[in-house]
Structure formats: structure tokens, C-alpha cells
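Presented sequentially are two complexes of chain A, the first with chain B as partner and the second with chain C.
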Partner chain A sequence: MRSEQPRRPSWERPSLFTRVMAAVGLVFLHAPVWVIALYAFTTEDRTYQFPPPGLTLHWFDVAFARDDIWESMRLSLLVASAATLLAIILGTLAAFALARRTFTGKESITLLFVLPIALPGILTGLALLAGMRTIGLEPGFWTIVAGHATFCLVIVYNNVVARLRRIPPSWVEASMDLGARGHQTFRYVLLPQIATALLAGGMLAFALSFDEIIVTLFTAGHERTLPIWFYSELFRPRERPVTNVVAVVVILVTLVPILLAYYLTRPDEQSQGT
Partner chain B sequence: MAGRAEFSLQGRQAFYFALLLAPPLLWLGIVYLGSLLTLLLQSFYAIDEFTARIVPEFTLATYRQLLTQPAHIDIIVRTLLMAVAVTLTAAVIAFPVALYMARYAGPRTKALFYVGVMLPMWTSYLVKVYAWRLILAKQGIASWGFEHLGLMAALDQALAVPVVGGPSLASSYIGMFIVFVYMWLPFMILPLAAALERVPASLLQASADLGARPAQTFRNVVLPLALPGLAAGSIFTFSLTLGDYIIPSVVGAPGYFIGMMVYQQQGTAGNLPLAAAFSVVPIVLIGLYLMLARRLGAFDAL
Partner chain C sequence: MLRAGPTVDMTPAIELRATHRAFGSVVALDSVSLTIAPGEFFALLGPSGSGKTTCLRLIAGFDQPDSGTILLDGEDVTNTPPFARNVNTVFQDYALFPHMTVAENVAYGLRVRGIARAERARQAGDMLDLVRLGEFGARRPHQLSGGQRQRVALARALINRPQVLLLDEPLGALDLKLREEMQVELKGLQQRLGITFVFVTHDQGEALSMADRVAVFSQGRIEQLDTPRVLYNRPQTAFVASFVGSANVVGREAAQILTGRDRAFAIRPELIDLLAAGEPAADGYVQCAGEIVDVLYHGASSRLRVKVDERTTLAVARSESAGGGVQGLTTGAHVRLAWRPDHAVPLQD
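What follows is the complex of A and B.
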């Protein structure tokens, strides 16, 4: 479409430098991820030699036969599911409470809701650990979930609150005027509108939790989530190629929900509400 | 405003509102804020030198220990310098990407760029760090690339520089710096692009009509209007670098960073008060940074 126009005026044309640097920046962001994918197939198992001397699928068999990896994978999936569920419930409640109302103290409450992702993760981790020790709580599955839910809640809240603000208040008023009760308005007017935002928030929360390491190392005790397994493997590698395979699997497990989340909230879908 | 708020919070409305807000507020208030306060409290305790137990009495001894031991000051300065260097570099690299995706790209290219920036940002943190360890390792891709470009001598020279160099990229501050910049780059690009999208085209046209050359327009029109975006992005890069303890322990030189110190003190060293005091440092630094940004007018254009 743009090509039909004659020649764009100077302030609408990027300089060659801008164009090249933009492309370089994008490649820089993506290249390392492809590297991992390549190394999962290398036949070399001691060094990080590049280019790989040969390619093989052997390491996938080895990785899939390892019980410790499956065990960690199972734990991570369970933690992510529980944390996401909690985050969806708490985040949605908060979004409904805060989307439209104005009241004294709202600023402080919204600040509290972004704090867990605004402050460095190490602070959240250490704080939760200090809190657990004070009340004598043993670290384990539920402390991991509690830590994850705390920052996942923010993600869900942000997604849902943004969508709620785009729903015209007149829709709710119309629904009420036509005699719908509160729960009916919620079920037939609001829920269909926020469904995709809710799902997207849930997907992102799941991906975030599945991959979390900074907070988890403080709250996990003796439990080994997949990122913790991965982290310990970085320092005491038993078999490097297996680590590479797990890296690829982790990328795939997190990539699917993220792409889905993007698809669910992509711009033209968002504009339907307005 | 106040009148409307009171009106909307009457009777049943207020009841439902409280019902909605209570669970998330209690969760964050008790689990999160409660923990943070416990952490702050811990930093005012100290560890008994002989029994290695925490003495629950108010004291400033831990903060004194934090701020008087030269080794601790070194750690704080090292982390701060890294955060500043990473923030500046990320801003420079992010600018053309953000500028292109915000102002020049057509709808399809723009969508491609947004996904292109979001995907690596959301890709597993640990896997990305690990990927860089492979890339920067002695026989890794980086040195393979340098060799094939005939730049091996330049790489060796860079690694021979005292302090920032090291035996290989994977075990030098240069390598760590590259990884930090890579990891936080999307956090700089996205707010910057958002700010640049809001720059009205008419201003650029006016600037061009008045005879400004592209470089002048950039410096006098685009850059000042992009400042809020730069400020927002730099808060991310700054804060994330200050708090990270994984990257310095996987890639880089043996010198300690604040995050590593926090992790080590609460773990193997068993000194929770000192770990807590160390974890307060990033907050203070971020606070100072915010004040400085405000003083410099970074938020004026908001």
C-alpha cells in the first residue's frame, strides 16, 4: 500500500543507519535462541565447539529417559498451574474492584499491585524467605506457589484491568436497565469481553511461573523445579547435551502460551471492544 | 471526584467492592508486604559473632558492617558501575530499533517487530543466559566469528585489558556486560517505542519545514520527547541489573555483585541480617536514580 505513494517526505523516511541498526538489533535479540536449538543436536559432548562437528537426535532419547528431568518437569508444571489459578482468581478480583472506581487511597493500592514486578526479584525472594523463617514455615511446594502467585497476580491484573477499562460503562448500564441481575451482567456482558484478556494473562502467568528461578531459589527448600534443575546443571554438568535438550524443551513449553497470549490480545482483536 | 466516589461506595456497592478487593489485598498485604517488612526488620538485627545466631534486637551494626568494610563498598560500586554501563548501552542499541518500529515501519513490519522484541523477552531467562555461555565460551561461536573475520587479535587485546578482561569472554566482565545488555534490551525497546509512537508527525514536519536537518530534528525534537520512554526503560535496565544474581554467577569474572552477596549471605554464610541490608541497597539506589531522573526533567513530557 505504501509503495503506491510516490516518495514519502523526509521526516517519514528512516535513514539507512536507522534501518540497518534496527535489523541488527532484532537479529541480536534472536540469534542466541537459535544457537541453543542448534546445540541440542550436536554430536560433540565435551566442549562448546562451533560449528558442531555433526548432528544427531541421540540426546533427545537420553534426556527423555532421565527420571530426574521428568520429576522436575512435573513439579514445574504443577507449580505453574497452581500459581496461575491463584493469580487468575486474585488478579481478576482486583481488576474488577479497581478498574472503574475512584476513592482515596487508590493510588497506594495500585502501587502495591505493581510492586512485586517493579522491585528486583531477589528482594521478593529474600523477603518471602525472611517471612517464612519468622513464622516457622517449612519451604516446599506451597511456598513456591505462593511466591509465584504474588508476581503472576500482577500480570493477570494488568491484562484484565486494561480490557475492563475499554468496555464502555453504557453496556453495563444497558444490561442493568434491561433487567439483568448482577451475575447475569457479569456472565453475558463482561465475561465474554474479558475472556481473551483473562486467558492471555493466565498464559503469561503460566510461562512466567514455569520459568522462574530468581524467587524460586529462595522459596523452594529441597524441591527441584525444572529451572532449578537447569541452574544446578550449569555448575555441575553431568551431560551437557542433555542440558541443551532441556533448554529447547523449556523454550517450547514457554513459547506456546506466549504466542497464544499475543494472538489473544493482538491489536485488531483489542479494537473490537471500542 | 470525591463526591462521586462516596456515592458509588454506598451500601451494597461498598459491600461488593470490599468483597472483591479483600482477597487480593489481603494476599499482597500479608504475604508480600508482610514479608518485605520482615526483611527490613531483619536488616536492623545483627548476627552474634560467636554463636552465629541472629540476635533479635534493634541495632545498626549490620548497616555499619555493610558501609564500612571496603570489600562491601567494592561490591556496591562494581554493581552500580555495571548497571550504569548496561543502561547507557542498552539505550543506544534500543533507540534505532524503537525508532524504526514506532515511526517508520508499515503495519505488518511493525507487528513483526513487536513480536520480534516480545518473543526473546519472554523466552526462558535461564536458557538465554546459558545460550550466552555457549556463545562466549573459549571455543564458542563468538571466538569462531572473530577468527573468521580476522579479528582474533582484537578479541585477545580486549581480553588482555586489566580488570574488564579475562581468560575468555565467558569469564570476563566484558562477557557479563554483553549478557546484561542482551537480557534487558527488550525492556528498553518497548517503553521507548511507546514514547516515540506518541511523537506527533506534525512536529517533525514543522521542524523539517523550518529548515532543520534530520540530525537537528532528532536532537531537538525527537530526543526530548523520547525522554520519558528512555527514563521508563532505564528504570527497568538499572533495577534489573542491580538485583540480578544469576548472570554474574554463570557468566563473568569472580568479583561479587550485590545480588550474589545477598544470595550467598542468606545461604551458605547464614547471615540473614547482612543479606537483608545488602538487598536494601538496590532500593536506595533505584530511589536515588528516580529522583535524579525527575530532577533532570525526564518525566516532564509525560
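What follows is the complex of A and C.
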């Protein structure tokens, strides 16, 4: 939205074709979301008839009155909070251990930390389920949290490591030099520097956990997180627009932290002092 | 205590005993021993990779020697962490904390020691006054100029009243004019406070103008440790002769031809006389003849290079003001050179 940018020479400007294709791509990505939002207000409860015959807020009342939705929502929020907290603690510790030091096996350990995000969720889920069976662990709240923490940890770790690498070693040395113990250096010098990275990483992790379904299917046992609720709702389409209402709420719940994370991690002039 | 040199009856402020540090196969510090007296302004001079910074980091405690002992005020601190040493450092990049104000930066050393807020603010204010930044306490480091940041770093390092202040290339990031101002300011500050300053530099001019004594480092060893005057006038090795100021270093074979003595020597360009045609050399002077290779005008002086032998070219400095201009001295002209034998400093092999 920087309208004051100088006009670029014609050969650097995108052609009409490029622009149209970009627009088509964006519409393709976002139109279904708007359709979902639209049908949360429809008066027709069986088919996706376009345009909707009428608009109503009735389905919001229905959705808010249903206990199973509240239960799943509550569970998903709790799981996401717990997984995020776990990821923040462990991811930060891992980042501090691996950011600067070099030691034998460091590369392998780094890979092991980052791998869960590259691994297909179905494998992570399968492996966790097999693991749980082996040690006789009953699937439930904490197994969902553990499953989500595997990939949430990577998000936090990556954010913190990137930030730590930008901190000159001399800051830590200066702090020690002036008499600070390790915990004081962490509290007064490092934590303020990684705070926004933690916040951003935490919000992304929260959003990822909140809508995760594949790993959750394997680790949830009888628990029903919100994504699992959606999934089961597809096969039992009673009051179809209710699903859309919940979808709209979920979009809003996940959008806020992701937007915040985006703004917090933008390179800002303020923290760039030498 | 402005006089240079360690005195027998004083416990040294800093003592390194056979301190050795290697990084992998690279020996950064090769069994170096060093004694620095209380109140001394001491320079560690050398090119990059010579071991001077390693030496400073060992004194600060950021690094530990592989072998050897480090003593501060007579106390063995080899295994003492930096936060427990009464030594503070001014970093090359200043290492100011960007999320704190200038005053908070300066007060940091007091904060981590649990000093109350009001007392911290009072002392930080005093320190900022000392470095003439009294007005700037509420600013952030990035709102200051390079020279101001350096003075903040100085105030921050001095607030714990250390016995020893370490400075890593303190003037490296400043422009020429500011550098000269800071040289005077640092020297003045050190004399007022009377504490030991140890600074690392690769700039021989800085070392000569500020330090009481200078240790010249090369390849992890101290080549020579002396006062600036002795270092300049009596360099002991070819490295010191050419690194501290500029000098003609004449190897053994060439020395044999020029002086008849089988000993390498160094001579400063300004100590070589250029003889006018037919002018006799003064009594006892070493003489030789050669051909001018080039003439460079430097303002206050000019510098000629004279080829006196197939393999030997001597630099000769001519002061413009002393009537020693270079008119008529052009490339290819044949000239005679002469110097006092005792101006030629014999070098170790």
C-alpha cells in the first residue's frame, strides 16, 4: 500500500497476463472461504443453493446452544494452549542450546528437532499411536498435546534460533562482564530480545495446533477436538449451516494470532540499533 | 602514577604466566608471559590474528587458557568467570543493549548487583557527566552518534569502578577526527581515574600516542615490549621495525654490502640524509650511492625510494619545511645517501 513508490520502467512492470493470473490465483485461494462464511447465514439448511434464498442469524443461536460444539471448542483451546506452552519452553531451551555452540552431533540434533514439521502428519500420528500402544499409554488429552507439541516446538525453535543468531555475542559477554549471572543475562538482555519471537512463534504454534486433525485422529482416543468435530459433522449433516457458523468462528480465532504474529515479526526499524 | 614500567615493590595489576591458547591447530597465544603495573596505560599492538584480542579476552574471562596462569592484583583468576572479575570491558562494537535507555545501559552493572533504583540513577548520572553525556540519559543507543555510543560504553564499563579497564579496538569504528579527540579524552580519563587501561589496537599510531608501554604481538608471541619511544627508536626485530612506524629493513646480505657488517639492521626514512652533488658526508657516516625509483609528495614531507643495490631499495623522507624539498630530484637521478651508523638499529635474526 505504498502509493508513493516511484514508477518502475515498463519492462519491469508485470504484464496484463501476469496480473490476471495472480488475481485468479488469489480468488481461487480465498473465494471458498467467503462461500463458507456466506452459507453460515443462509436460510436453506440442506443444499448449497446459490444464491442463498435468504439470510438469517438463526444458525448462530443454534450453534451456541449446542453443548458438543462448546465441548470441542474448549478442548481445542486447552490443547492448543498446553501444546504452545510446552513448545515455548522446550523450543526456547533447544534454541539456546543449538544457536551458537558447535559440538559433535549438532547437525543431527538440529535435524531431529526440525524433522517433525517435514514428516507427513499421518506418519507422526501412526508413530505416536504405535509408541503409545507399546508403553501402554491411554490416548487422551495429554497424548494430543504431546502430538501437537512435536510440530509446535519446531515453530518456536525456528523463530527463537533466528532471533538469537541476530544477537551479537558481545551483548552476552558485556552482560557477564558487568557482573550478571546467567539467569540475569537471560532475564535482562536475552529475554527482551527474543520476546517478540516467542510471541510470534507461540501464536503460530497455537494456530497450527488449533486446527490440526491428522495427528490428532491417531492420538485423541475418544476426545473430540474441534477439527474432529467438523470431520464427523460431514457425515452427519444435521443442520448443515451450523458447521459454517463454527467455521467462521474458527477462522476468526486463528486469524487474529496469525495477523499479530505477522506484524510482530516484521523487520522494524526500532530494534535494529547496532 | 604516570611513569611507565613495572615497579618491584608493587603487585602487578595483571600478570600472565606462560599463557597458552590454541583454537584447533591454530595457536592464538603461544605461551605468553606479561606483567602490567597498576595505573599503567598499556597497549596490545599487532596485526589481526596476532593474538592480541585473545590476550584481552583471557584477561576479561571470556575465554580460558589451555595452560598457564592469569593473575589480577596478585590473585589467580584463571578459572574465575567474567562476572566475578574486577575487570570491565569496552567492546569494539560497544555492545550497548538496544532495548535499554542510555542511563539504563550505564546502570546495568549496578542493577545486576542489586543496587537500589535511586542510587543507580544517581551514579549513572555521575558517570554520564564524566563522559560529557549528562543530557542523553533518556535516549536509546541508536539515537546517538558513534562517538557518543563509545562514551556510553565507557561510562557503563567504569560504573563498577574496576581495577582494570579493557578496551577492544576502542577507536576502530570512529572517523579520523573523532579518533584523535577520543585519544586525548581516553588518555585524560585514565590519568584522572588512575586505573589500569589495557587496549587492543592494530594502529601503531594509536599505541604510540596513548600507551605508557606497548606489547607488539606477532603470530601469538610478544615480539617486543617497551615504551613507545624505545619501540620506535630501538626496534629489536624486523617485524617491529616495519610494523611500528615505517622503516627500511636491510637484510644481512645487503647489510654486508652497504656497511661491511654481517648484521641485519633497520633505519627510519627520516634519518637518511640525501647528499647534494659533491657534498661530503659527515665524519663517520655510512654512505652509499643509488638511483631514484620514485618520488611521492606527502605535504609536510616527501618520500623518495632510492635503489642502492639490485635487491635493495631504501625509502628516504625529506621534510619540506626544513629546506629539504625535492626539486630537481626526479626518477632516474643518481644520488648519494648517508646516515649516522648508530641510527641504524641492529636487528635480531
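Keep in mind that, in the parts below, the second predicted complex is superposed on the first by the 258 of 274 C-alpha atoms of A that agree within 3 Å, B and C clash if a C-alpha of one lies under 4 Å from a C-alpha of the other, contacts with A are read in each partner's own complex, and residues count from 1 in each chain.
Operating definition for what follows: contacts are C-beta pairs under 8 Å (C-beta built on N, C-alpha and C of every residue); 3 or more make two chains touch, one makes a residue touch a chain.
Model, not experiment: these values are computed from the prediction.
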Check your understanding: In the superposed arrangement, which partner chain does A:I251 touch: chain B (first), chain C (second), both, or neither?
Key -> first
Practice item. Examine A:P192 and indicate which partner it touches, taking first as chain B and second as chain C; both and neither are also allowed. Key: second
Check your understanding: Where does A:Q184 make contact in the superposed view: on chain B (first), on chain C (second), on both, or on neither?
Key -> second
Check your understanding: Given the touch rule stated above, what does A:I89 touch, chain B (first), chain C (second), both, or neither?
Key -> first
Exercise for review: Tell me which partner A:S108 touches in the superposition: chain B (first), chain C (second), both or neither.
Suggested key: neither
Practice item. Classify the contacts of A:A146 with the two partner chains as first (chain B alone), second (chain C alone), both, or neither. Key: first
Point to revise | More chain A residues in contact - chain B or chain C | key: B
Exercise for review: Could you list which residues of chain A make contact with chain B in one structure and with chain C in the other?
Suggested key: none
**Study point:** Residue ranges of chain A touching chain C (in the complex, touch as defined)
**Key:** 168, 170-171, 173-181, 184, 188-189, 192-193, 271-274
Review point. Where on chain C does chain A make contact in their complex?
Key: 60-62, 81-83, 87-89, 91-99, 108-109, 111-113, 140-142, 156-157, 160
Review point. If you look only at chain B, which of its residues touch chain A in the complex?
Key: 1-2, 4-5, 8-9, 16-17, 20-21, 23-25, 27-29, 31-36, 38-39, 42, 93-94, 96-97, 99-101, 103-104, 106, 111, 113, 115-120, 122-128, 130-135, 137-141, 144, 182, 185-186, 189, 201, 204-205, 207-208, 214, 217, 239-240, 242-246, 250, 259, 262-263, 266, 272, 275-276, 279, 282-283
Practice item. Flag every residue of chain A that touches chain B in the complex, lowest number first. Key: 1-2, 9-15, 17-19, 21-22, 25-26, 28-30, 32-33, 35-36, 39, 47-51, 89-91, 93-94, 96-98, 101-104, 109, 112-113, 115-116, 118-124, 126-134, 146, 149-150, 153, 157, 182, 204, 207, 211, 213-214, 217-218, 227, 230-231, 234, 243, 247, 250-251, 254-255, 258-259, 262, 266-267
